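Quick heads-up: structures coming right below.
Both of the next two complexes hold chain A, though its partner changes from chain B to chain C.
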Partner chain A sequence: MNGLQLYLQSLLNIKHVNYGGYRYIKRWVSPTQKEITRRKRRLPPQSESKRSNFIDWNRNSEIYAFNTRLSEKFDTEKLNQAFTHKSYIVAELKKQQEMGIEEPKLDISHNEEYIEKGREITSEIVKKYLNRSLPRLPEVGIMALHDYLMSEQMLATASSHIGTKDIILTSEHPVSQQTLAQTFVALVGALVESINVDHASAFVRDFLIVGLANKDLTEIWCPTKPFELLNDVIDAERKMSIEARLIGQAGKNTILSVYHVGIYANKEYLGSGFGETIAEAKDVAAINILAQIYGLHHTSQPLRFNEELNVSA
Partner chain B sequence: MSNKHLFQKFGFLRAPFGIGVGRYVCQLQRITIKFCKNHGCSLGIRSFLEHDLIDYAKQNPGVVVYVKPRRHRSPVLKAEYLNGETSWICIANFSRQDIIQWMELLKTQYHDGPALRLLKLWHTDFPSIQGPWTPFTFKNPPLNQIKFPDKKIGEALKFKPTATEELITLFEEQQEAEKFDQKIPVQKGVS
Partner chain C sequence: MSLLRKGQQWGTFACVWHIFDATWQDPFKSAHLIKKYLIGLHKPIYHPLNQCGDHVIVINSKEIALRGDHWQKRVYFHHTGYHGGATWTLAWELHSKDPTMIVKKAIYSAMDGTLQRRFTMQRLHIFPDDNVPKEMLENVSNQIKQLRPVPNRLYEIPQEERDKIPRLIQYPSDYQLK
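Entry: the complex of A and B
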């Protein structure tokens, strides 16, 4: 009897409110999502969306932020010009023509001039800086490091890491490496026009030359005939000739052969190197000694990135 | 156990190009705050916008701040970094104080840290300071003076005494004992 009462009570307590939150199982969700995914997979690879086409994009703020982020004092007009590539203007004029405007006109200037000027100045700054921080390195080595820094890839990396990628005005999308590299040198050109060459040299040092900071410099430049070069260097400095001597060898006539060759000048030990053949070991030894002399060795004092350069003088 | 980490981005801990060597550059380039103007879960971000956003923008002139209202969607912070990485945080029901701290975090990092599975806890461009190993590395210096073939070094290694050696030691021990026995009566005689 009690059981029946309880049952009736609970039945009476059920109100309409208790069913208010009831939701049926949405059986259409999963098939719809699956179909959308299937269609997405069937599509050809979609191009990356252009950041400047988003609603939340304000070019003026971007330019202002670019300037303050790098703690630089670019002239805003010149900065805008440095970011504008010729292809952008050509594309815009073409667009106007297609719209039916008879005399298409766009009142902005492109950065061709800055690119040319900036490339020359950047190259000069890099050469001077390297000459100053690696005073004993011969011209060939300086030029090799210079070419490495001025290569398109290096300039593009430097350029994209200061945030130019989205601000550049160009007809191509996504922005190519070449355009990124050109923008970097154009920025240097614009900075020279805005302030002066010395200030631009600090810019190049802080954003381009720092690329050498964690690199093995002997990988970038290595003399082709190291033993002959070392002989010339020692001959010029101490009027002596060098001789290579076998210090140790192991596993002769096997595939695991090792030779340890030391180089001496007038019985004074200069350095040593290892190799699978005697000739190779001799070259490695000479390269080791040359790298130590030139300051390229990984045990040498690392390159300094805080030196002020006086380019204009 | 979850296998979430299998699909996670992985790599070594690397600094972006030239960071920390030249001048200081804030790695956060722009941040978009998306929120709803009347939904409850955007309460914290609305009070952040009212009280702290202007100060944040003033203190960080190098960061472009976009505010994007949208109806009845959860509030979101999206940060874009100089190295092309983005970081996305859902801030539904976050308090104003929380949002101040998350904004600070987004400003001071250069990528979404926890989203990267580290392959190793360290990375170096020069894995070996002393150079590649050769048979001459850690060679004992006295070995330089020796002229080969050398009888002492060329000997076979012995780990156990041979049977002959054991016999010899037994014989020696026996002789010692005999000597000892002979000595004792003499000592007795003295005392």
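Entry: the complex of A and C
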């Protein structure tokens, strides 16, 4: 408290000599600002400046901050390696050659093997996690969700959200989506070597699999022949065949015609769906029921992202 | 948008066709009932800016019933805009000229005078009798319940059934019935 008082007193005692109040803006300010803006507009589009070229850039502290920010315990050497792409080493060696060095030598290793290993492990973790949280979803659906998560775009988004963009060492600038995606899997590979697979699985879950939150899962995967599939499912489970019935329609002769089809198994109501035509409504009804069975429906319990996965076992 | 979501949307914003029989109904009280369906006020998704109104077919508008002496006393005013162009038409006169007009005007004036009113009116189809085009009748999937039950009139009951009705009193055989 005393310290605060002292601070406030010293603030009060500052004489605003340099910032004396004045009630005008100098006549030269406006035309100068306008000229600067005009010249800026006339310039061709400028490339994004490289953060590592700034004078206050400290790579070591950035690497340390990356580790601490995510509360991870990456081995610093391996983390550095995970961020170093092959293109960077090639470019550096070429630079040395141009400088006239006979035998160019660079004592750093690239992340090719981390990428390969990390991709394999990430894929396995994603598959296991999805299998566990959506136990009734068939293999095709799991693979569709898996491919969606392992797509370059999802990996790149996850990667840029944890702040890898400026730390990546690569020859290209700005960093491409592919490089960002590769860096994410390389980080997983490095984490497996630094700690273990189980910890890497938590990393993948927290930064990649959460990408499925608030997504419409039926948009990512939808059965192509839903009615036949539902029939097979019901037949396998209850030894019954299903039957579709028209339970409502509106505006039959208009362009806004709506059909409401319900699906029944042995006179028991399973679910319903709306559509522009009877065939479409039948498909929608079947998808509706299937999505509820598989846990993909928007009213199903949302995916949980706090489950521990035991990959090594 | 997935097919599932599309179906949900399509069902939510479905435009339903209703039918209303105006036989022996008060057009001014029925107007407030029909208005709700036309605007979409009966739907949980109602909002003045979204398109959620339904179609209503009103049949037998010729058979409407007006209260008291409204056929003689109710006056419809019209002005052509020219000097001396004002006309006052009695309800019975208007009804004999166009049997759909009273119902139409009643519903039109029951709604608020917003910009949407004329578009909402396009969803209203009035027929003086029950001759509705077949393709229009196929759209219908709901009937709006009448406000008052249509009374059975004695002269509409056939003589044989009329004889079976138990009588409270028996006129004497020499009673002069006029």
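One rule holds for everything that comes next: the second predicted complex is superposed on the first by the 277 of 313 C-alpha atoms of A that agree within 3 Å, B and C clash if a C-alpha of one lies under 4 Å from a C-alpha of the other, contacts with A are read in each partner's own complex, and residues count from 1 in each chain.
Everything below uses one rule, namely that contacts are C-beta pairs under 8 Å (C-beta built on N, C-alpha and C of every residue); 3 or more make two chains touch, one makes a residue touch a chain.
For clarity, every value in this text was computed on a predicted model and none was experimentally measured.
Partners chain B and chain C, brought together by superposition on chain A, clash. In the superposition on chain A, A:55 makes contact with chain B only, not with chain C. Look at A:106: by the touch rule set out above, it reaches neither chain B nor chain C. By the touch criterion defined above, A:229 lies against neither chain B nor chain C after alignment on the C-alpha atoms of chain A. By the touch criterion defined above, A:274 lies against chain B and chain C together after alignment on the C-alpha atoms of chain A. Number of chain A residues touched is higher for B, counting chain B against chain C.
Contacts of A:250 after superposition on the shared chain: both chain B and chain C are touched.
Once chain A of one complex is fitted onto chain A of the other, the partner contacts of A:205 are limited to chain B, with no touch recorded for chain C.
Once chain A of one complex is fitted onto chain A of the other, the partner contacts of A:287 are limited to chain C, with no touch recorded for chain B.
Contacts of A:157 after superposition on the shared chain: chain B is touched, whereas chain C is not. Contacts of A:216 after superposition: both chain B and chain C are touched.
Within the three-chain superposition, the chain B stretch that clashes with chain C turns out to be 151-159, the only such case among 7-15, 79-87 or 151-159.
Residues 216, 248, 250-251, 258, 260, 274, 298 of chain A touch chain B in one complex and chain C in the other. Of all residues in chain C, only 1-8, 10-11, 14-17, 55, 135-136, 138-139, 141 touch chain A in the complex they form.
Residues 16-18, 21-26, 29-30, 32, 61-64, 66, 68, 80, 82-84, 125-126, 131-132, 134-136, 139 of chain B touch chain A in their complex.
Residues 51, 55-58, 61-62, 64-65, 68-71, 157-158, 160-163, 165, 205-207, 210-211, 213-216, 247-248, 250-251, 258, 260, 274, 298, 305 of chain A are the ones touching chain B in the complex. By the touch criterion stated above, chain A contacts chain C in their complex at residues 216, 218-219, 222, 248-254, 256, 258, 260, 273-276, 280-281, 283-285, 287-288, 291, 297-298.
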